[in-house]
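After this come two complexes, each holding chain A, first together with chain B and then together with chain C.
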Partner chain A sequence: MAQRTVVVASASGLHARPAKLFVQAAVKAGVPVTIRAGEKAVPAKSMLGVLSLGVVQGTEVTLEADGPGAEEALDTLAALLSRDLDAEEALDA
Partner chain B sequence: MPDRSRGERPPTPDRGPRPPASDGGPWEGAAGRLSGLGVSQGRAAGPMIRLADPPELPAPRPVADPGAEAATVAKALEAVAAELNRRALAAGGEAAEILEALAMIAEDPMLLEEAERLTGDGHDAAHALDAAFAKHREALAALGGYLGERAADLDDLRHRAIAAALGLPMPGLPSPGHPYVLVATDLSPADTAGLGPDVLALVTEHGGPTSHTAILARGRGLPAVVACAGIMDLADGTVIGVDGGTGEIAIGLTESETAEVGQVEDARRARLRTSRGPGRTADGHPVRLLLNIGSAADLERDAAQADAEGVGLFRTEFLFLDRKQAPSFEEQVAAYADVFSGTEHVVVRTLDAGTDKPLPFLGLPQEQNPALGVRGLRVDRLLPGVLDTQLDAIAEAARRTGAEPWVMAPMVTTVGEASDFARRARARGIGRVGVMVEVPAAALRAGRLLQEVDFLSIGTNDLAQYTFAADRQHSALADLLDPRQPALLELIALCAEAGRRAGKPVGVCGEAAGDPLLAPLLVGLGVTSLSMAPVCVPAVREALAGLTLDECRDRAQAALD
Partner chain C sequence: MRDDLLDPRAVLLHESAPDREAAVRRCGRALADVGAVAEPYVEAMLERERSLSTYVGEGVAIPHGTNASKGDVLRDAICVVRFPGGVDWDGEHVTLCVGIAAKDNGHVPLLAALAEILLDPDRARALREATEVSDVIKELTA
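And now, the complex of A and B:
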């Protein structure tokens, strides 16, 4: 079981645009990934699940996956979470 | 010009005094009329299309083949996602982001699994979808705050999925391939996220002057009429004229009239695009035109186009949304400093939240009657630390930027509250302290309030709600929330007169301030500044420039009589 623990950097936590980008990346990852915040764990490719974690900026979350490609998938997703995706949006605008 | 010699002028029933038409003459070719509440200035004409109502869920039917039901469920959700993605592509920008996120919810594997499992238990596709959405809706609603609001999005998706499963036309925005007037019972945020350039105007049967439709329309500069009884009874394709100022709907315009409306409206918009400079009446009486903003980003995006004279309402709530803990002092300082360095004059409103606008970190208990509960400054009774930290942060941001922000508190009711707030703000070196007047009790004591504070800012939306005992969101009570109501105007006049005597500014920052028909009236009552959404500034500036102060006073007097 591969694991990464990362602090969510986006200003709005895992809602709105950051949640969308994260779930899109999880769908692309090719391996089933679980995201855990506290007691609650949900599939990373479930938008409703990810929203329901209620993750705010600064929350520590754990990503888990198994099998071939798991390490790479988790690296990609962990890197995404550790960036402030809201700030990047501001730069886009 | 349209040929007005043909045909009889249709009889116009006496509707009592009406505000002047936005531009151009009366609708002479109309075969009939309807009347609603004009909430966003401008005229448009074109064929109307009704937004389909949500489908009714039929009685459950016995299921012979659960596999077929499960397949219908999957296909329905796919169709919903595909439709939303298609609209996202057409919309672009921020609206596309919202629509894509909605599509991803429709494609959510947990939702699909749950609905498929329910078909296995013997539910038909429509009921399985209904129950699966209901379960997730409850989970989101239970989280409250921002996520609670997303529950409404789930309702919209549920309606779409059920329609798809039943083989009914998908509710949601039509895309007929030509410009049209969008007509609906009411509009949800999900409906309006993808509003394209082919929508000429909005007309809704329900809704009031502060409803979502009204605010959205003003934000986009679209003519809009709400609370228009009978509009949903007209057939799709009927050519209607919409006057977003008077609230008049003309049915069955001629082709030449339709074309003329378009030309006059284009000319009006072109004029507004070049409008610049400070607010003045025709005889030079100054009226400060200010902006309502929520963040520095709003200021950067919109301020140049509006050419306003500063910020009359800086809402600080955005910093606090989605939070389980209050934002830190440093984070607040940075956000306020961003705004202070972007404009010379800014009025900051301290946190306006409470049981009516719940924020998770406040942890306030639920109330029977949130509008009359702990909200605005009243939160300070339970959690004094929040306001103290915010005032500290505002003062520090002012020091760092060299700005001199004005600071005001929302939902002030008594003189005691005002003096306590003023004392705490001034102790931190904040030079100009004011209060919002949203409660009739405060308006009645305006003179006494101005002995404690330096300025008043009238929030007309809440002041109307509390004066008329009418919920802001209640569509059946829209007439009571009409800002032209004399009792509301009288309270505004009371505040303005108190300001004149004290030599202190009294502004309006509610929706009324951004309405070009009401703005002159407010100025006539004695209001010294108007704060509004950036898009409203040019039309208000032009409206004031067209009238002398005495003419504004005449209008105010006529409205009070």
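And now, the complex of A and C:
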């Protein structure tokens, strides 16, 4: 089981835009990824699941995945969470 | 759960909209009507929607403004706007919008509660098909 623990950097936490970008990346990851906050774990590709975690900026979350490609997938997703996606919004617009 | 986020006057259960833009505008107006946002916030909601759909699943979208528009949020609030006839949402079928005006993280627990409801098919259906304002408020703030 590959695992990464990361502190969510986005100003608006993991809902709204950052959540959508994270979920889109998880769908593309190719391996099933679980995201855990506290006692609760949900599939990373479920927008509703991720929203239900109620993650705010500064919350520590753990990503988990198994199988071929798991390490790379988690690196990508952890890197995404550790960036402030809200601050990058102006650049995307 | 904060119970001051959802004004009963911001629960509209019998709306119709020809398209996504009109639906987002309706949500923005509902938030403006209860004094939660200044007018420019509505345009910011449309901008956000165009750059990234706010569809979350189960026929529900959560329109909200961009980060740059937080200055137009006068107080944290949500609105619940139902479109019984449905609205095409970039290929998805939306019948319920939960519009969000938030300066900080005050609305996150409510959003998490909404997601919990939508993950339960029976509760999701009850929320989508609610015909009484009091039922919607009870469901979301219980």
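What we mean here is this: the second predicted complex is superposed on the first by the 90 of 93 C-alpha atoms of A that agree within 3 Å, B and C clash if a C-alpha of one lies under 4 Å from a C-alpha of the other, contacts with A are read in each partner's own complex, and residues count from 1 in each chain.
Throughout what follows, contacts are C-beta pairs under 8 Å (C-beta built on N, C-alpha and C of every residue); 3 or more make two chains touch, one makes a residue touch a chain.
Since the model is a prediction, treat every value here as computed from it, not as a measurement.
In the three-chain model built by superposing on chain A, chain B clashes with chain C. Once the two complexes are overlaid on the shared chain, A:56 sits against chain B and chain C alike.
In the superposed model, A:86 lies in contact with chain C only, and not with chain B.
With both structures placed on the common chain, the touch criterion links A:43 to chain B but leaves chain C unconnected. When the two structures are aligned on the shared chain, A:18 is found in touch with neither chain B nor chain C. Stretch 152-160 of chain B is the one among 26-34, 152-160, 242-250 or 548-556 that clashes with chain C after the shared chain A is superposed. In the superposition on chain A, chain A positions 12-13, 15-17, 20, 46-49, 51-52, 54, 56, 90, 93 are in contact with chain B in one complex as well as with chain C in the other. Here chain A touches chain C in the complex through residues 11-13, 15-17, 20-21, 46-57, 86, 89-90, 92-93, going by the rule given at the top. Considering their complex, residues 12-13, 15-17, 19-20, 23-24, 42-43, 45-49, 51-52, 54, 56, 90, 93 of chain A touch chain B.
Remark: chain C residues 47-48, 51-54, 56-58, 62, 64, 66-68, 100, 105, 108-109, 111-112, 114-116, 118-119 touch chain A in the complex.
The touching residues of chain B, when paired with chain A in their complex, are 97, 100-101, 104-105, 107-111, 136, 139-140, 143, 146-147, 150, 297, 301, 321-325, 360.
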